[in-house]
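Mind looking over this structure? Questions follow.
By written order: A, B, C and D. Residues from 1 in each chain.
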Amino acid sequence: MTHKIAILGASGYTGAELIRLLAGHPAYEIVALGAYSKAGQRLAEVFPHLRHLNLPELVSFDQIDFDKIDLCFCALPHKTSQEVIRDLPKHLKIVDLSADFRLRDPDAYTQWYGNAHGAVEMQGEAVYGLTEFYRDEIAKARLVAGTGCNAATGQFALRPLIEAGVIDLDEIIMDLKCGVSGAGRSLKENLLHAELSEGYNAYAVGGTHRHLGEFDQEFSKLAGRDVKVQFTPHLMPVNRGILATVYVKGDAQEIHATFADAYADEPFLQVLPFGETPSTHHVRGSNFCHIGVTGDRIAGRAIVVAVLDNLTKGSSGQALQNANLMLGEEETSGLMGVPVFP
Amino acid sequence: MTHKIAILGASGYTGAELIRLLAGHPAYEIVALGAYSKAGQRLAEVFPHLRHLNLPELVSFDQIDFDKIDLCFCALPHKTSQEVIRDLPKHLKIVDLSADFRLRDPDAYTQWYGNAHGAVEMQGEAVYGLTEFYRDEIAKARLVAGTGCNAATGQFALRPLIEAGVIDLDEIIMDLKCGVSGAGRSLKENLLHAELSEGYNAYAVGGTHRHLGEFDQEFSKLAGRDVKVQFTPHLMPVNRGILATVYVKGDAQEIHATFADAYADEPFLQVLPFGETPSTHHVRGSNFCHIGVTGDRIAGRAIVVAVLDNLTKGSSGQALQNANLMLGEEETSGLMGVPVFP
Amino acid sequence: MTHKIAILGASGYTGAELIRLLAGHPAYEIVALGAYSKAGQRLAEVFPHLRHLNLPELVSFDQIDFDKIDLCFCALPHKTSQEVIRDLPKHLKIVDLSADFRLRDPDAYTQWYGNAHGAVEMQGEAVYGLTEFYRDEIAKARLVAGTGCNAATGQFALRPLIEAGVIDLDEIIMDLKCGVSGAGRSLKENLLHAELSEGYNAYAVGGTHRHLGEFDQEFSKLAGRDVKVQFTPHLMPVNRGILATVYVKGDAQEIHATFADAYADEPFLQVLPFGETPSTHHVRGSNFCHIGVTGDRIAGRAIVVAVLDNLTKGSSGQALQNANLMLGEEETSGLMGVPVFP
Amino acid sequence: MTHKIAILGASGYTGAELIRLLAGHPAYEIVALGAYSKAGQRLAEVFPHLRHLNLPELVSFDQIDFDKIDLCFCALPHKTSQEVIRDLPKHLKIVDLSADFRLRDPDAYTQWYGNAHGAVEMQGEAVYGLTEFYRDEIAKARLVAGTGCNAATGQFALRPLIEAGVIDLDEIIMDLKCGVSGAGRSLKENLLHAELSEGYNAYAVGGTHRHLGEFDQEFSKLAGRDVKVQFTPHLMPVNRGILATVYVKGDAQEIHATFADAYADEPFLQVLPFGETPSTHHVRGSNFCHIGVTGDRIAGRAIVVAVLDNLTKGSSGQALQNANLMLGEEETSGLMGVPVFP
């Protein structure tokens, strides 16, 4: 059976990545591609790397007949997304890639995003889309909220440890390095090649990055108490990749064993042998996440390093993984592509 | 039916690219991975991006039982390759990715490569592996010689024009720009990141690059007379990609029409609308080749630009395309992966 | 004696490069920095790499007292530049880095730039700023028009050959590769890191690039007849650098000797030994231009390769070199900084 | 007065950077360039970016007449350096850029570097070359040991805080990101462009990086007690730059004030306004170090970020700064070059 798919926001990077992944999927057919300013353009103009695909041109959202669609991916900016999704037909399954339905608490949403939520009632309905930890709810959900790409990385590096109680919850420091495609295709001076290449910098220092809303929600829920991590993202001169270096207090061997156990059956979460360190080079263009654990010379401390591709496992790959569950397909279908190296 | 595959030279970049492509192929099983200095290592050590694949460790060639193998890819350095292939069992189908069997004329081989050929008798038997132009021979061949990556690009940009007689054969200039993975994984000072990134340069200037041997052979054969192109490669600070800018004398519209006609049914060769120009960004990690034609302000001149990924369409993807033909599989099988952008 | 300097357009890349070079110059003092949208900002905000310099904040042009200024650099977009310069006081020496006063013929200007010129009377007065070839006129000029960065590179690679009559004037092909800072600090999608890095492409193919107006004017004037070159620029994923590969018909040794002779006393134009090829890596951040000549395997053809840094020798370094002449300083003053490698 | 200078190890990156800086210095003359495997080559072959300089060719060390030399820079690998320096004439002033004389304690040296020291007696004589903190000793020293580039960055970010007692000495975590030129010009697989570009990874995780020996020595000495920091370096796909993100416990405003006070008169150490964050882009090619302090959302924590260019302030620029002191020149002479951006 072929499921009919629409993508809203097809002219951005996560939209393009969805198309790339869906093109290789045996059970899905893309029937509509929605966009704003680029509506009316052929896909080959907007993304020449997709020119060989026989896909519809970009249209505005009101030109799409949602009755013929089984599942809609929304790859829109936050705030826009909630307004669009609020008005979509209620029969439609939706995977939202924006930040709009990640937080259950409307106040937390307003605190981190600065505006009142335009679809408060749907915030409760939405399921948090970190597949490996919400499989059953996702399979039954109508609306799934894709996680932040940094938030996904950080959670893969910490959830089993928090759940197992093997680290000090008050002393977690996450130093994260993210590629530039995570910032999207928007025209900002700091995203220009001449500004970004050959150098790097921290940003949102001091606990102001919005993905902290997800960490706070998820880690506190897991621990049954308030957990606040310290989090500093850095902008890297590469297009794809996130590497989170997480400093924790606990026994390194126990931490490694906890991961090995928790992820033993996970197809995408690869735990490296103790003492080995992963690299973003080795997950590029794929849905895999590599995780390494090392002890420190200071007793009782450990370093967890997790890497993934922000556009794939951190965003569009995760979205497809969730859609597979929602539509009754094999979870890994269309997602086993090998990383591209070099 | 599953064909049993061996790869000799699995620790280099074309070896890794073969594994990446074969991992997604429904009809092939990799049963042996051969290497020299890295024999004895696990694949996850040599190429951590392949760690999730359940593949054999690297072994030396004499540990491989070739009786159980249907087809062998040889991704070895030139000169080594001829010596290894000479001694392989005669039942074995072979796709060679080296330069060793590309030239039919032993003297031409010696001229360009500087040594006498060690398997002269097999030079005659080998079929030149530019799939789109040698399909029938390849399907029946036992030994196929993969083309040079630059040579493939240049031929996609010129063969139909030479065959159709629409350009001046004495006035062809090819200015080519190649990514660094084309030089392999060898430890050379000019391939270090600090030497190469942020800059670029011409090399082998003046008609000394070895891929000219292939151009001479193929273009002269096509034209039925001696054809010598002028060819200058440049080393680019990127990992993947070849762009050939070819300056020809002829009618630009006729040239475009010639390509459109010749490549109308080719799944991987995409001819852009007249006046559009392709980019290496849009073929990365894929088996596609994009070709654009533009007229010049000087009447009677045209510029042909062709792009492809040197590791895929220029090497390992081409090899798999040939193997598909040799083993009776669909030619495009395992090769329709969408380019990775950004 | 200290000359008082103003820079209009200090918030762009050529403005920043001027400040970098002037900061190390013993005889100049920057007394005013003019900008449009960034007027009112501190220099440390606009260019944090200049934060240690004790310089005035950016102001709008009408806040500048030009009576106290000896020389003004205009690093503004074309069309804007002519309107601003038209209204500047007539005592003021001006080095314009825009395209506005490069072409002597108003019709040629309109043809290439699409608008009527707003200061036609000054087009005649302006001196073309290719220092090595217009020294005497520049020393006496009030208004000097800096050349295009591509135009400078191409002229260094061709002027002595055209003047000496050692090449075929109807068969010149220039394939040029330019770093991204040449496109300025403007917010365009194709200049984003994610769009540009890891790939490259030709643009303005077929003889439509505006710097051809300069080539036509200068080469025809030199030759005493119409000369039209074929010119294809390519956008490279690096910030700084231009490499022009020029295909000519002539005797390679004679061509090399012509350069060696013509540039024997030039401090910035370095002619490499015959057969050696320059690289953009080796001129980065400097005012040097390296030039190499190689013969081709096809008799009677040669390849000239010239490299320079588009922001320095191609633009702001050239501007300072001209200002030195106009103000009676040593021509090389402030410009002998060694290239930055790696 | 002109001081005569020799450089041993002129064919490596720190050697080239010394030549770049010395070429612009009014009081120094390079009279000898020593190398091992590249002895006998012209400088233009080894470093084409230096081709315009009128400098001697590379020679083996025994061809150098050290009697005519005032100061010798040793830019050799560690272990080699101690053996060479041991045998140099005793009148010679020496700035060593290797690791060999950084540690006062022979046992600490052996612990971190794995071999017994070959010039133990000189370990006591050498002065640690972190200019801003050892000025008086350096001015009087015969042998100065340049610091590790990471070690310099980390100390600029921590010394005033440790000295002033404003942070918790048991809870210091330094997450550092370093460009590839810090690894030198050696032929290693992980330094190849194809392996390194477009990605990044942690290395020497868990407290095994050798620069920890310097941190331990210096911080413990400053504090008057044992201080052990947690330190994780990461390899970045850029040529130049170090960024240290340091997580400390203390009052952020007090920390900022401590830096502002300590570095108020330092020409190269630029303290940013509170809450601003530096970037490696803005110190490239220069001797400047930018330092930013931000508070965290978790009370009582702060983040210090320090950036510098590993080849300049982290190595060869520091070496020249020390040489200036040793030879009675102005400390900043030849070092005020403005960072190269973009």
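The working rule: a residue touches a chain if its C-beta (ideal position, glycine included) is under 8 Å from a C-beta of that chain, and two chains touch if they have at least 3 such contacts.
According to UniProt, the chain labels map to these proteins: A, B, C, D = N-acetyl-gamma-glutamyl-phosphate reductase.
Computed from a predicted structure; not experimentally measured.
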Numbering shared by both copies at the subunit D-subunit A contact, with half separating same from different: same
Centroid-based (C-alpha) most distant chain relative to subunit B: D
CA centroid of subunit A to CA centroid of subunit D, Å: 39
Inter-chain centre distance, subunit B versus subunit D - centres from mean C-alpha coordinates, in Å: 45
Computed distance of Cα centres, subunit B from subunit A, in Å: 36
Multi-partner residues of subunit B (at least 2 other chains): 13, 181, 194-198, 237-240, 278-279, 281-282, 284, 342
Subunit A residues within the subunit C interface of the complex: 13, 180-181, 185, 187-189, 191-198, 237-239
Subunit C-facing residues of subunit D, complex: 13, 16, 19-20, 23-24, 47-53, 181, 197-198, 239-240, 267, 270, 272, 278-279, 281-286, 288, 290, 336-342
Contact footprint of subunit C on subunit B as seen in their complex: 173, 175, 177, 194-203, 205-208, 212, 228, 230, 232, 234, 236-241, 243, 245, 247, 275, 277-282, 284, 292, 294-298, 301, 303, 305, 307, 342
